[in-house]
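In the two assemblies presented below, subunit A is common to both, partnered first by subunit B and then by subunit C.
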Partner chain A sequence: MADATRSFDRWLHDVRNQLSIILGFSEILLQELEGDDARRHDLQEIHDAAERAMGAMGRVPQKEDESGR
Partner chain B sequence: MSSGILDLASLTGAGLTAGLADARTANPVGTILVVDDLESNARLLERMLVSDGHRVLIAHDGLEALERVRVDHPDLVLMDVLMPTLGGFETCRRLKSDPATRLVPVVLVTALQEGGDRLLGLEVGADDFICKPVTSQELTARVRSLVRIKRYTDDLDTAESVILSLAMTIEARDATTEGHCQRLSRYGVDFGRTLGLAPEEIAALALGGVLHDLGKVGVPDAVLLKPSRLTREEFVIMQQHTLIGDRLCGELRSLRRVRPIVRHHHERLDGSGYPDGLRGDAIPLLAQIMSVVDVFDALTAVRPYKLAVAAEDAYDELFREADRGWRRRDLVEAFVALEPGERS
Partner chain C sequence: MNSLGPTLLAIDDEPGILALVERFARTLQFNVVCHDGASGVLAEIDELRPDVVLVDLQMPEINGLEVLRAIRDVDPECAVVLMTAHASVDTAIEAVKLGALDYLTKPLDFDRLRGLLTTVLKGIERREALLEIDADVARRFEFHGTIGRSAAMQDLFDSIRRLAPHVRTLLITGETGTGKELVARAFQQLGPRRQGRFLTVNCSAVVDALFESELFGHQRGAFTGATETKVGLFEHADGGTLFLDEVGELPLSVQPKLLRAVEYGDVQRVGSLETRHVDVRVIAATSRDLRAEGAAGRFRSDLYFRLNVLEIHLPPLRDRREDIPLLTAAFVRENAARLQRPLTGVTTAAERALQESQWPGNIRELRNVLERACLLSEARILGEREVRQAMRIGSSAAGALEHASAATEPPTVGDSLSSAQRGQIDRVLRQARGNKTEAARLLGISRRSLYRWLDRLGHAEPKASQPGH
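Let's turn to the complex of A and B:
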């Protein structure tokens, strides 16, 4: 059970890591694009989707470890 | 009327620190070491930091980070927690337990959410903890704040080094007192330990031995090096060294326990000492201790104009001064009771 919890935590960590890369770079590009750049809307979609996915990660039910924590 | 004393009033430790700090913290950009095994993460942090004016170095695990810190002396370490070979917690613990690297701020950056990991980070000495996703606004604000603190720490360290170097110039100017400061530090530490003083008080005595006559940098050679007896006017000038030394230590926090030693090591219990004519217990204990060892060393050391007095005769002189009401007899007794090995 403890092993399963650890590997679940590791999976959460890895996915959050990847999402934070998408969020970070899209945020940088959004700051660098001119206000009227035609790609801004598409980029904003990528950023918002990553943000929603990150939010969904936070709602994933946490598995209890052996101590019932 | 000129007193003949160099005007060092404005050159205080606090003045040095403030001047350096103003110049160096106005734009707190620095060299940041980013440690992450995931190349994309490292590049993301690099992009954010470089656009804020920082120079960025990258390491891919804890062992490489330890080496980069040792060689490149970054102003800040931004480090992932989960890394192969050596993780962020252990790397942070090693950095914080090494005197050469413990003052480098470490920020742990993690995608973990567990509160326990944050606590563990604090336990290993991390200065801050950032959870992913990191926004550039949050990152640059925290990094700038920590780099500014690092600058202050560096400047305090620099100011203290300048003060210590200044104190060592006294011995260089007056070759007859060679080794006096080091002996006083050693006597002070041994005496303090015997009296059961707290570690921070013993540390103050160690530093006080070196700094007690710091203010003599402001006393002209004609007075400081005069081989014969000082005139009344010259003695007044010489007495100023306690006040000058006190001002030079300024508001340096690291010297706050040493200042009373510098200012009051020529006070006497009956109020006949200088510079403030303090009486009895109003004279700080550390200053009284330094006074005992200062007189002992002055008497037992060889000077061009006098032979060394035997230790036994120096003790007698200290007891006579206690009888005159100048110093505490119990302190003299405790010093005399030290094993000879503890005074040599």
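Let's turn to the complex of A and C:
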């Protein structure tokens, strides 16, 4: 059971990391793009989707391991 | 590296996060070095000397808190920011307790990260501005090579200005390394004999039997080995100044003749009956208590009173600690120019360490410590670690040299220390069987520092053999 919790935590951590990368780069690019750049809309979609996914990660029910964490 | 701007070290097992941090920090003019894990990076911290480290909390092998602990040990002044995709109150508290600058959760809040990195940049800029001011003040408060804004030194400079045009004989007292020769030179430069010669004789460096001949000269055939007639220092200095350093070491047998030369300007070469008249200003210096030496029968009282027409006492460095930042600024700049490196000064913690030391060797010791620290440092601003390390090396070398310097000529302390340093480095190199990386580790310095020391100490080592270069 503890092993399953640990690998679940690891999975959560890895997905958050990947979403952080998508969010981070899209934020940097959004800041760098000119206001009227045609790609801004597409980039904003990528960013918002990543943000929603990150929010959804927060709603994943957390399993408790033996230490009660 | 550090010479181009502040360095940020990013450590994360996720290459995408490293790329992101690098992309962001470069926009703030940081040099960014990335490591996809903590193993191996701790050994490099020394050479890298980052100004700020961003480290992931959860990594296989070594976690972020362990990295934070290790960095605090190596370089307590380095700012460390932890990053985590999985925040917990416990680790956040522990990170702050261990001295982390902050604890960021992923996704990274760029505004907050920008704020932190800007704080680090501003801190460096503020320090560099202060160091620039210290260097500037040091230049303003320099008086013929001596630096001091303390009341004691300002009084001293005033006395020199007032007295230099009139004084014929002078005794300068003060502990070793307080700058007695510089004061003697200031008297020469501000007096009527500034065009005349300034000759120095270190009385602790002349063999007893040769003293008389050195000071007063000798006639050909005066003694075995006197194959040519020799003009003594008094005659050489005619019309100028003779500086008798460590006059307390002068043998009793020569003292009556010196008294005559000082009092009447009469000198007689060894083996000659002819008395020659010279016009020499005599400045003597000593770190001994000549009055006590006189009472103990080791120094003639009449000579002491003749030399002591005017006495100038130089305070030890520990009694004018307010001058330490200025002296530090001047010495670091001096080394920066000599080593052709962009060194600007010392960190606040390093300055505190310098302020707290007792400095038994006074300014000379401070100067040597800073020279060593400049050789040891990889950064623009010398850290507490390098300064303390330089102080430790100095105190062990000074111990070994203390007796030797009393008996033999100490023309420049740098040379004496170099032989001790060379000895220490040779020993460690032998111990490491010639392996520079291992020798550097044993000495507690980086490999690059070791190469600089070897260059400085005249070890010719082909740089091509450097591992990893």
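Following the convention adopted for this analysis, the second predicted complex is superposed on the first by the 66 of 69 C-alpha atoms of A that agree within 3 Å, B and C clash if a C-alpha of one lies under 4 Å from a C-alpha of the other, contacts with A are read in each partner's own complex, and residues count from 1 in each chain.
Here is the rule we use: contacts are C-beta pairs under 8 Å (C-beta built on N, C-alpha and C of every residue); 3 or more make two chains touch, one makes a residue touch a chain.
Just so it is clear, the structure is predicted and the values come from calculations on it, not from any experiment.
With both structures placed on the common chain, the touch criterion links A:Ile21 to subunit B and to subunit C. Contact with neither subunit B nor subunit C is seen for A:Phe8 once the two complexes are overlaid on the shared chain.
Comparing the two complexes, residues 9, 12-13, 16-17, 19-21, 23-25, 27-28, 54 of subunit A contact subunit B in one case and subunit C in the other. Against subunit A, the residues of subunit B that register as touching in their complex are 38, 40-41, 44, 47-48, 51, 82, 110-114, 132-136.
The touching residues of subunit C, when paired with subunit A in their complex, are 14, 16-17, 19-20, 23-24, 58, 85-86, 88, 106-108, 110.
Interface of subunit A with subunit C (complex): residues 9, 12-13, 16-21, 23-25, 27-28, 54, 69. Those residues of subunit A that touch subunit B in the shared complex are 9-10, 12-14, 16-17, 19-21, 23-25, 27-28, 31, 54, 58.
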